[in-house]
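Scrolling down, you'll hit the structures one after another.
The following pair of complexes shares a single chain, subunit A, combined with subunit B in the former and subunit C in the latter.
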Partner chain A sequence: MDETVAEYIRRTVLKIPRDEIKVMLQKWGFLSEAQLQTLNFHQMKDNISQEVVQLCEENSADIKQAAVLDIIYNHIYHNKRMWSVYQMRKTGEELDYFDLTDFKKKFKRRLQSALKNVTITFKEYEDNAIWIRVAWGTPHRKPNQYKPSYVVYHSQTPYVFISASVLKSNLPLLCQALIVASNYHDIREMELRSHSLNSLKDIVFKRYSQNFQTYRPKPVQGKNVEPESVDLRIVQENRSEKERIQRVNREVFGDGPQPILEFAHYRLETMFKSDPKMDVLDKKEPFRCLVKFSSPHLLESLKSLAPAGMADAPLSPLLTCIPQKARNYFRIREKKGLFPESFVSP
Partner chain B sequence: GVLAQLAVLEGRARRDAVERERRERREERLALLECRARELRLRRERLRQQEPRVGDAGTPSDPAHPAPRAILEWRIRSLRALLQVFHLTGISGKLSKRSVCFTFSTAYENSRLDSFHLELLLRPQVRIQRHSIPAFIPLEPLSREFLLTDLRRFLALLSQHLNGYVGRRFQAEQLQERFSHRLQGAPQRNSLCNLLTFSYSVTGNSRSFPLRARLLYRDPLRSLPTEATVSCSPDAPAALAATAAEHSELFRRLALHKAFQT
Partner chain C sequence: HLATSLPLPSERDHLRPRIDLIVFMIDIKSKYSLKNVEGSLAYVDASFFLGKVCFLVTGVGSVNYCSIDTNAICKLGETYCSPVLFCELELEGIRVATAQRLLRMLRICAGLIPGVSALSFGLLMRKSADD
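Up next, the complex of A and B:
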């Protein structure tokens, strides 16, 4: 077995938390159950990884199998990477009979014809997600296995989720291969990024909870029956206002959990509005600034702003339109016309 | 002792206070309601006086150019009629001031499956506000062609697409759940479930000669394949080839899990 492969497997196993190593090796399926039995998972990770490498040596692992293990790790710990969403467009409207083998062949062919030194690995999951791992090399160097790009694609959808490596120069090539393989015409990057891949999927596949009005009447939840033990001397001021805020919040955010986003960027290119007499700037120039909201769970925190009394309900549509517009990067410019209001650029 | 006495007195005082509060609260509420009832009665009188006036002042209508309000009312009426008709076909809707929200409840073979939603804005013209239609259903081409011209057809087609998809998906899931012992490896499908390939064995002996099936569903509205190819490896016995042809016919006619049952 190649030394580089051995080292790569060793380092990949070291990344895995000790309690998860056995499960992940089982998912990998490269080592037999008997071989896994011989491993002692209660020793130091260093030793575990050495033993795993030895077993892989017995089975003559090559880089292809090692890459599969890497995909499995990144599939479970996808939150450690930053994902961007890309949208593809096609001109024709014929129905697509997506054939997985066909897709893989076309993708590999396109990439390998442009760049000989690449490692391409595929893995399909139950929810129709196709994971592609690409390790990039140059015409004179073998692929760098430690900085691969990951692509997640669901067939017959126009959305691709890419976690590019640091080597951004290979991105156009990757995009080319994707549109050729999936029969699309062009591809553009959407203004949507997050660490949580599943939340990105929820947003573009419209799987997050939206509050739709349905035909069947929902059970009325307005009246709260006061429990007998409540001391009636305690009065809730603003009860109707609190209920209004809850109602408005539910209409905007829906009932279920929100997709996890970590930030929202608003790049302002609006005019500084001031008293004309107090001319702060000599010439009228747009006041450039960047407003960034960040949070471990941005949408949940926005949802709790109004009930916590920190903001008025309803919140600004600039904040609440994030899942529906499927973007968390905005550019706000001055609206050209009579009324100097701001509008969001597409 | 003294403390016990004090505790009893305290308890009694608290109970009295709570009772008093309750009584005062009831009286307050009563007064409020009486006031409101008076208000509403006055309002009703006012409205009754206004009514005959509204009937008289009809806008001078020009049949060639109906007032925009009349058009809107006609639109809303026809939408309501549409909603009532479609409720029976698994499409239901809820009309609100500015929009209408359609719910597509899909079903296959007496099982109720997923529900999808589509919210349409009505003015200034009909357009999609938001939805929960999966990304692989051709919503955009359908809406481009039919949304403004033939709303009824748009809804019917969309419903058929969704029902076709869930029907195919249901069969594929049933196959994996109930007949996994006859499959070799996992079946390969795509998001729309319109191309399905899998390897399986006929029950009994031929474990070494699996059959490979490729089902293509060219019609997105139907849940039965338009093409079913069953093949076996070239060195398989001739009898197996005949079975393959039979099976191919079977898959075209019957739903997948039913075909496996026979």
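Up next, the complex of A and C:
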């Protein structure tokens, strides 16, 4: 077995939390159950990984199998990577029958014709998700297995989720290969990024609970919105206002859990507005600045702002439109005319 | 009676007892709360500022998240001739102690302590703050 493969397998196993190693090796299926029985999973991870490499040596593992283990790890720990969403477009309405083998063949052929040194690995999962791992090399160097790109493609949709490696120059090639293989016409990057792959899927596949514009009659007067501590000595003067805030919040955010996003970027290219007497800027140039909201769970924290008394309800549509517009990067330019700002999708 | 802002909703006027003490709570982490308090002050009758108003600043334990300048709050207290108390609601000990202070002030403002009026107490608090 190649030394580089051995080292790669060792490092991959070291990444896995000790309690999960056995399950992941079973999912991998490269080592037999008998071989797994010989492993002591209660020792130090260093030793476990050495023993795993030994067993892989017995089975003559090559980089292809090692890559599959890496996909399995990243499928479970997808939250450790940053994912971007791409949308593909077709000309015409033909619904091609999706052939997996054909897709894989075309994808490989396209990449390998442009770049000899690539490692391409596929793994299919139940929800029609095809995971593709690509390790990139150069005409003179073998692929770097430690900085691969991952692509998740749901064949019944035009959406692709990509976690690119640091080498951004390979991205156009990757996109090319995707549209060729899937019979699409072109691909564009959406302004939507997050660590939570499942939340990105929820947003583009519209799987989160949305606010439907249905007529919702006011709740019956006696209804208590939230279980408050029943201390009769405390009187809430603004109960109706609190209820209004809850209602508006529910209309805007829906009832269910929000998709997990970590940030929203607003790039402002608007004019600085000051007292004309102050004359801050000599030239009338747009004042460029970037406003970034970050949070472990941005949408949930936005939802709790008004009930917590930290903001007025309803919130600015710039904040609340994030899931509907499926974007968390915005560019705000000056709108000529009545309104001082507008929001423009590029 | 808890309210998020003033004026109080008029539909409950008949259910409200006499108001002896108004405590304006300002969260030091939220500029919004200071703005809210400043807006609400306009709806308070001038007679309350003779010792029946107090500012309570919360969240002072988290120094890293201060959004409001304490000087601005102290100035507010001076402008409205009312004491400013600082506390941290997250800590039970301070929470209880602050509640006890407010209760004592309330008893004075309600006229339950013979010989001490709200106005004289207010003056007392102001004098010690200036020293």
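Everything below uses one rule, namely that the second predicted complex is superposed on the first by the 321 of 346 C-alpha atoms of A that agree within 3 Å, B and C clash if a C-alpha of one lies under 4 Å from a C-alpha of the other, contacts with A are read in each partner's own complex, and residues count from 1 in each chain.
Convention: a residue touches a chain if its C-beta (ideal position, glycine included) is under 8 Å from a C-beta of that chain, and two chains touch if they have at least 3 such contacts.
Note that the structure is a prediction, hence the values are computed from the model and not measured.
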Handout entry: First (subunit B), second (subunit C), both or neither touched by A:Met310
Key = second
Exercise for the section: Using the touch definition from the top, say if A:Glu237 reaches subunit B (first), subunit C (second), both or neither. Expected result: second
Handout entry: First, second, both or neither for A:Thr138, with subunit B first and subunit C second
Key = neither
Handout entry: subunit C versus subunit B, contacts on subunit A by residue
Key = B
Problem - First (subunit B), second (subunit C), both or neither touched by A:Gln324 - result: first
Practice task
Once the structures are superposed on A, label A:Leu100 by its partner contacts, choosing first (subunit B), second (subunit C), both or neither.
Solution key: first
Problem - subunit B partner contacts - residues on subunit A that touch it in the complex - result: 93, 95-100, 124, 128, 154-159, 204-207, 210, 212-216, 231-233, 324
Exercise for the section: Would you tell me which residues of subunit A are touching subunit C in their complex? Expected result: 234-238, 240-242, 309-311
Completion exercise
In the complex, the residues of subunit C that touch subunit A are 1-5, 8-9, 12, 15, 30, 32-33
Completion exercise
The subunit B residues in contact with subunit A across the complex are 17-18, 21-22, 25, 83, 87, 92-94, 96, 101, 103, 117, 119, 130-136, 138, 141, 188-192, 194-195, 216, 218, 220
